[in-house]
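Chain lettering (A, B, C, D, E and F) follows the sequence in which the chains are written, and residue indices restart at 1 in each chain.
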Amino acid sequence: MRIVVTNCNTTRAMTEEIVRGARSAAGPGTTITGLTPAWGPESAEGWLDSHLSAAAVLDALRGYEEEPYDAVVMAGFGEHGREGARELLDVPVVDITEAAAHLACLLGRRYGVITTLDRSRGQIEDSLYTAGVAAHCAAVVGTGLGVLDLGDERRTTEAFLAAAERARVAGAEVLVLGCAGMTGLQRVLGDRLGMPVVDGVGAAVRLAESLVALGLRTSRAGGYARPRPKRRTWSAPVREGGWPGR
Amino acid sequence: MRIVVTNCNTTRAMTEEIVRGARSAAGPGTTITGLTPAWGPESAEGWLDSHLSAAAVLDALRGYEEEPYDAVVMAGFGEHGREGARELLDVPVVDITEAAAHLACLLGRRYGVITTLDRSRGQIEDSLYTAGVAAHCAAVVGTGLGVLDLGDERRTTEAFLAAAERARVAGAEVLVLGCAGMTGLQRVLGDRLGMPVVDGVGAAVRLAESLVALGLRTSRAGGYARPRPKRRTWSAPVREGGWPGR
Amino acid sequence: MRIVVTNCNTTRAMTEEIVRGARSAAGPGTTITGLTPAWGPESAEGWLDSHLSAAAVLDALRGYEEEPYDAVVMAGFGEHGREGARELLDVPVVDITEAAAHLACLLGRRYGVITTLDRSRGQIEDSLYTAGVAAHCAAVVGTGLGVLDLGDERRTTEAFLAAAERARVAGAEVLVLGCAGMTGLQRVLGDRLGMPVVDGVGAAVRLAESLVALGLRTSRAGGYARPRPKRRTWSAPVREGGWPGR
Amino acid sequence: MRIVVTNCNTTRAMTEEIVRGARSAAGPGTTITGLTPAWGPESAEGWLDSHLSAAAVLDALRGYEEEPYDAVVMAGFGEHGREGARELLDVPVVDITEAAAHLACLLGRRYGVITTLDRSRGQIEDSLYTAGVAAHCAAVVGTGLGVLDLGDERRTTEAFLAAAERARVAGAEVLVLGCAGMTGLQRVLGDRLGMPVVDGVGAAVRLAESLVALGLRTSRAGGYARPRPKRRTWSAPVREGGWPGR
Amino acid sequence: MRIVVTNCNTTRAMTEEIVRGARSAAGPGTTITGLTPAWGPESAEGWLDSHLSAAAVLDALRGYEEEPYDAVVMAGFGEHGREGARELLDVPVVDITEAAAHLACLLGRRYGVITTLDRSRGQIEDSLYTAGVAAHCAAVVGTGLGVLDLGDERRTTEAFLAAAERARVAGAEVLVLGCAGMTGLQRVLGDRLGMPVVDGVGAAVRLAESLVALGLRTSRAGGYARPRPKRRTWSAPVREGGWPGR
Amino acid sequence: MRIVVTNCNTTRAMTEEIVRGARSAAGPGTTITGLTPAWGPESAEGWLDSHLSAAAVLDALRGYEEEPYDAVVMAGFGEHGREGARELLDVPVVDITEAAAHLACLLGRRYGVITTLDRSRGQIEDSLYTAGVAAHCAAVVGTGLGVLDLGDERRTTEAFLAAAERARVAGAEVLVLGCAGMTGLQRVLGDRLGMPVVDGVGAAVRLAESLVALGLRTSRAGGYARPRPKRRTWSAPVREGGWPGR
């Protein structure tokens, strides 16, 4: 089957890293295609970026017509857009935030999320709640690192280990990596912590495969009915002189 | 003071109706300016529209430089974008969804929301929850009418009365109008139901005035810190031939 | 319009301080009248005082007939009586506990309440819950100061700053002053903390003005129906010899 | 041991009925003394009555010095005052609302409360919540009867049977009688419904006996510390001419 | 990989049916082995059966040594034993109750569970709650059929359709089959209802495969640490004359 | 009346200690009979032990026919089996976990549970939740001691005092002893902490006496209906050669 994995930002290097992680997690016979939004933020850190990212990702998905595909994985941890994609597409949509939490619940009584900036905690808490998997989340802990600082591996590892310890004290028995494209980090942390560490990208790929294999699709009976036909403009008109809108 | 009231869709007639309602609610000395996004959906009905609307409204707000203003009212009931606007702007931001609920809590033990399509219920429930005011919501009831069908006043009134009865049975003692630009309806319903009916636009204008008058601004200590400086593209490029993104 | 602001205790100096705060917050054209119960506790600190205060405040309200008024603000933080006043009166009733929380929710993701004695925390938690605004309360922190110790400004400020720090660590992005008549303190704390600080008296006055301006009144459809006509004795008979009651 | 059972209103006939119920439930060696407040409402139906009742009951308790006693049962279903009495007294205090719920939880997965007027539902819900026993309450159902209408036994029984059916549909497996002094009714309902029916007065007497027998007393470490010494006026002054308080 | 699927009762025909369902859901390269407890109830319907089943299933698992295996699926819907198996085994354990709920959350905003007897609802609610996936459960509805009555396909289908309608009215957008070994029914219901229907056995097999493929194992850091070494007797002694135990 | 108190493990010395505690708490005219399961774990520490214990205790109860009895107390703190016993027996069943919490709620605003091993915290939290009394639990704290280490009184006392301090910091005003057979410890802790300390065995005996005295029995209308007649095997068949089950 083919799974399209969408990055939530415009940084293609990150899309490639996410695709690598997705491929290493995918089952035999699954093809992974990466999708980078043509517009939006270069990294998603905070609510403004998240709202911008959601529209850009949906624009990319609605325009994607290269090849047929069987499911979509949305690879922005704690970012918006999940529900809109479920309305838009006829294939299953799995977001890495919820995916990591679903698997974490199977591995221990409480899980903790380790993310980049503290400012992202609120979005992640809301995303877990609206996905129905917040009940066993013991804590969402920030490392203080920005998405684009994750290059420095040693510093990143130390920061995540420190945050993991705070999550453990808060009751976490399992850890969730609260950002995309860090498959390497997952292994290092697992070894050093003696706790399972769940990466959302891998979890989402496997859950998407499971839904497809079981013939399950998003329900159209209720909140995720198909979008109503209407006029939608996805890009700003060229601005001349004064700003439109009044 | 000046309050900018943003419509969540591109239909200017609706902006004008919202502005009328806002002006009729505003205190002496308050100037209301309407803002219509330059792109986005012509009406917001569902998650896809909501995510698209959020980015378009934020784009309109970041670009708005006509005159200085003291607060922003976001006039999309149950739509996304509220938190992004709080990050973006240095003035208070009040969303009509939360505003109506805040005032409703002061008028009775439980309130009910009457909205247009059933499909919007989930977004409204999530929006009330993430705003911290869901606890006393007894029910969110749909009328089955689309936003653009609200023109037919008699049909609209009957549909809202029927939905109001369902909310009352569910425990509501106060009603919230779950959509913008229906000031007239509010009065009719109130008279026929013998219950207070809260319109979000009026509520938000008064709450915004209150915050400004008390010198209160959005906290920057935490989730609503200023957006980080970075490269953000706010609009889809004109597409020639193949789609970008892989 | 005229707003009657009721103190929850019999100390007139505190009524005057509360009235000063209310007047500094009120809009143009609003007249503030203070009301001090003729009986009850000299300060409300704990459940016993709160229950006594509730009856005394209701007795004062039912007997108040000087001039017509448009709304009532109940200025006891965490004290009982709010719902009884809503039954008793035909004008909107706003309690400073809920009022501060309502505005705080508009300014940050989580708020914290700083109050006087630790023993009051339970009442405040219950009052926020029963008002429907507890969801975003990160912590209620006591300073260890009694209501009547608040005179010593320097000591008070230091105690509140220490408590504010604990609230911030618990996740608060906005602070609520958990007692009445401390408008000065609000400003000092705001400057030193770099966080918005909400004073319940000002918040309640503005919310009461908003309800009146929008023509909204307490719902009579349910819990706050008018009190049933019956024999009620509001004061103890003169006691001669043995205690009555068996 | 001696248990003082306080009525929440001034109607002595009701105190006597409550005392009869308490005596029929009490263990050997327990003496029941009834206490009727010297002031307050003739029946408690709604928030205003409840707040008035709380102060009057506390006034009666603080003045009660006839004989030493070992525990207090507060016999107002859903009425205020419980926490104040715990502060005031050195003996255990059990309220019939919480008592009935505690025992009901031991008899089935969910319980339902059947009360008099619908308007009392909110108070009962809040009282169960603040007592920590609301989680298994499936419904609080009103019969539409006032406290003083309960004389007509046949009508009362039919009204309670109808309400019980609604509670059963809502998931109740056990019923709680949501008012005091109806021991007879409890038996009739139990037989006709084939479900256990818990009377709060009997439950509270047995729980009070249990606490005394186990040597357990209210914790002073926290919310129920002894009231602070201060000036408290428990009664309205005789009014001459103008109303005091400004 | 090899997955051991345990029936919760001693009826081998049911084990075989469950194994058929598991095999039809399993991925290529997965071998399914069925395990039937040597003792316990012939069907699990209620708490007593569930507690008996849990011990018998754990006894079967601890004694299972035929071949190495990679994961265990526990195929009793709403039955106990899940956490004990996680302590006991070094491979991932997935229970069909939680598994169905996890996948259902990915397909719609709210899901409903349709089970056999009404008496099982409480166990299922508790099992979903303790697994951390109850938040989006709109209703657990019983069909009134016993486990062993499920043979009559037409009657079963009608009963499930009627229950499904009740779940839909309660807000369910996705259905979960609340019992094992009904793969056929799943397809029929899905077609007739136009809603996704999740079978727990298939869901659990896919989730177990996912955990194994991702190298994730139950956390030993906390609640699921290995059982302490001690004397455990797994079976009642043969009884001669008087009963042991006092 | 006669109350049967069941130990959750096979260690008779512990049964005797529990019986001593039960007798010291029982009212005049109550006879306590201890029951030790004929099989199961020698101590219950963790989920596996708990599931094994539940079946063994139910087996002991169903076989108990010495003398008639009026109620059962289940003396395993946080162990399973409570609901199965309610189905099985026609007399009231009270579990010491819930019993201690019910009485603790009457003594302070929040209670804390002090137990042996940290690994037991999850079971206790779940048991309090499913019993409907978790709302006021401030914390469940482990001492790090195993059930069979409780012999060393001095070490045990110090460990419990340290844990109690952690519970107090978390908001506990009342303590619950999270294990059976420690009546002595209860007194020592109470004196040293100045807080009420509730022992589950004593609490359960008094609650059981109360239910019996009030003529209250487990509801058969719903979750606790009588077990359905069917074939149940309570012990493993003698194994010859290969293991049964496939």
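By our rule, a contact is a pair of C-beta atoms (placed from the backbone, for glycine too) under 8 Å apart; a residue touches a chain by one contact, two chains touch by 3 or more.
Here is each chain with its UniProt name: A, B, C, D, E, F = Aspartate/glutamate racemase family protein.
As the structure is a prediction and not an experimental result, all values here were calculated from the model.
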| item | value |
| --- | --- |
| Fewest hops from chain C to chain E - one hop per pair of touching chains | 3 |
| Path length in the contact graph (chain B to chain E, fewest steps) | 2 |
| Superposition of chain D upon chain F: rotation angle, C-alpha, nearest 5 degrees | 180 |
| Chain centre separation (chain B, chain D; CA means) in Å | 44 |
| Interchain centroid distance [CA atoms averaged], chain A/chain E, Å | 30 |
| Shared-contact residues (touching 2 or more other chains) in chain E | 109, 122, 129, 222-224 |
| Graph class of chain-chain contacts, one of line, ring, star, complete, other | ring |
| Chains in cyclic order, anchored at chain E, direction fixed by chain F | E, F, D, C, B, A |
| Touching residues (chain side chain D, partner chain F) in the complex | 25, 27-29, 92, 94, 98, 102-103, 105-110, 129, 131-136, 168, 171, 173-174, 193-196, 198-199, 202-203, 206-207, 209-211, 213-214, 216-224 |
| Contact set on chain E toward chain F in their complex | 10, 33-43, 45-52, 54-56, 58-60, 63-66, 80-81, 83-84, 86-88, 118-119, 121-123, 126, 129-130, 146, 222-225, 227-228, 230-237, 239, 243-246 |
